[in-house]
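What follows is a set of structures to go through.
There are two complexes below, and they share chain A, which is joined by chain B in the first and by chain C in the second.
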Partner chain A sequence: MTHTMVLAAKAVGSALVIAAGGLAGFAAARRVEAELREVERFENALLCLSSEISYALTPLPEALKRAGSAAGGEIGTLLARTGSLAGLSNRRSVSRALDLALAEVRPQSPKAVAILKELAANLGFSGHKEEVRYIEMSIDRTRSVRKELEGECRRKARLYRYLGLFSGASLAIVLL
Partner chain B sequence: MGMLDPLERDILPLLPPRARAPVAGWLTEHPAFARAVSEVRLRAGSPVCVVYQGTDVLLGGKTSPDELKDLIEVVSDCSYYALESEFTGGYVTIPGGHRVGLAGQVAVFPDGSVRIRQVTCVSFRVARAVRGAGERVAKELSDGKGRLRSTLIISPPGCGKTTLLRDLCRISSEGCPEAGIIPSQVGIVDERSEIAACYRGIPQHDLGPRVDVLDKCPKAKGMMMLLRSMSPGVIATDEIGSEEDAEAVATALTAGASVLATCHGESVEQVKRRPYSSWLISSGYFERVVVLSRRRGPGTVEYAGEIGGRSGPS
Partner chain C sequence: MLSADLIFKIAGLAIIVSVLHSVIKQAGKEEYAWLVTLTGIIVVLTLVTRLVSDFFQSVKSTFLLP
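Right, the complex of A and B next:
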């Protein structure tokens, strides 16, 4: 009876260790995938921002709000918040508004945030063509970041999942 | 607590902190001058300059080029690209109808267009509607059938031409029983956004309920557009002078609308020396004239009545 109970406990413990390892691996993979999704959203937001400026000459605060709402996710929230903090009614430039918005919202992609910060420093005081050109340059950079992340995702997400499960299993064997 | 002056409400909060504090301090020390301030000027490397009652005062430390760059970004609502044509014209209008004039290093492009590349001077011109400014002359300008006669307002710059024109538009739009004016549909062609001072197409001044505004529209084209589309009883426009303007005024009058217009000058005689204004006056297109000066402060009415009467400061 006692021996059976010990075996059962070991089985449950091993299962838990393997599950924990697996979960850790899946969580790491999800982080990589989440960053990719965030960068994809950012790319969509920049495309939307470019259209708002090129075709509708929408004032930048409003264009940022629309692009943010269309993109969704944390990066969308960050853009929309930047739009609502910037402009004449708030007496604030875009880069200052972005700094404030970043204190409230912190998206999962530091790379997207870095591109956005650089873009914000150039938005708001140049002509129509230059403004669209700055956004296009950011779109190009975001695309290459996305491609990098897609490759990373293919390699690392699977690796993290297997690694998590195998590490859990190895640890369970050692413990047994 | 009294209502805030437009300067304190709309302009002061926009100034860079290093310029705002000394201006706010000066306004507190000199409350009598607060409502007389006509301009606030910021120049890179110079103290802020407050213009009032024909004089000025320099206040505080030097404004930096970066502060001016931030200021331009804010007054353009972070949307320079949406206001490029206004910036090319050298000014933008902000809420409250105040004009922000710009100067600095200009770039000339091969197609002949110009753009201020580096803004180094910013001037806030305070817009203050003077309700009632036109009531003292409305009776003189009434045609006895309820409408204002076609009137040319003449004065040197800064004497209140546009302020008077704006109030005459309001009087035509609201009606003024004391002067025998009944409400009319009023069309304003506001080429420089000074009469209605539109911000994003919405007039920032009280012009009454029957006013249609063509904002930033060339005068001659705008008058024709209004005649075709809005059938105004009264058309108002600022600073007429070209042949095209004169022909448009003549067409509007032939179409049965009254025209209220302004013109730079010190007297009717001086205006008559210019070809197209002279043609409009001598052909009898304008029936009344108002001559303004600053003799007893801006808006001093030197003469209001028929064109043949006394027409300049004595």
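Right, the complex of A and C next:
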């Protein structure tokens, strides 16, 4: 009876250790993949912003708000907040509004934020055709960043999952 | 602990360490892969230290070494 109980306790303990390791690995992998998702959302937001400005001729702050809400996620919130802080009524440039919005929202992708900062420095000073050209340049840059991240994130995420699971398993073996 | 248990334990660790080594190597981080292998070796050495010590004691007593 006691021997069976010891064996059962060992089995449950090992399962818990392996599960803990696996969960830690999966959480790390999810964090890595979140950056890729943010960049994808940013690309969608820029496409939406370009359409709003070139076809609907929406004013820039309103276009930023709409693109942000269409994209979703932290980067979408950042764009929407930038849109609500910018504009003539607030007497702020897009660049200044972005700085203020970054103090409130911090997206997980520093690369997307860097592209957005460069874009914001050029928005609001020229006609809509020029603005669309700047946005298209940013879309191209975001696309190349996304392609670069895709392979890297997939590799890293798989590595973290394996590391978590196997570290848990090896710890369980040592503790048994 | 039974010696057979220890052998199975070392075998399990070896399998896990070899899988981890190949996974990390595939991810392009060869230096970390070697670090994991080295950690595995150190863990296994820690497990067998007492047995090695016992073995040397037996050798000494068998051949009447000082």
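By our rule, the second predicted complex is superposed on the first by the 169 of 176 C-alpha atoms of A that agree within 3 Å, B and C clash if a C-alpha of one lies under 4 Å from a C-alpha of the other, contacts with A are read in each partner's own complex, and residues count from 1 in each chain.
Going forward, a contact is a pair of C-beta atoms (placed from the backbone, for glycine too) under 8 Å apart; a residue touches a chain by one contact, two chains touch by 3 or more.
Everything numeric in this text was worked out from a predicted model, so none of it was measured.
In the superposition on chain A, contact of A:R143 is made with neither chain B nor chain C.
Shared-chain residue A:I173: touches chain C; no touch with chain B. Which of chain B and chain C touches more residues of chain A: that partner is B. Within the superposed three-chain model, A:S93 lies in touch with chain B and out of touch with chain C [touch as defined at top]. Residue contacts after overlaying the shared chain place A:K10 against neither chain B nor chain C.
In the superposition on chain A, no contact is made by A:R106 with either chain B or chain C.
In the superposition on chain A, A:K156 contacts chain C only, with no contact to chain B. On chain A, the patch touched by chain B and the patch touched by chain C do not overlap at any residue. Residues of chain B that touch chain A in their complex: 13-14, 69-70, 72-82, 84, 94-95, 115. Residues 9, 12-13, 16-17, 19-20, 23-24, 26-29, 40, 43, 47 of chain C touch chain A in their complex.
Residues 155-156, 158-159, 162-163, 166, 169-170, 173-174, 176 of chain A touch chain C in their complex. Taken together, the chain A residues at the contact with chain B in this complex read 53, 57-61, 86-89, 91-94, 123-128, 130-131.
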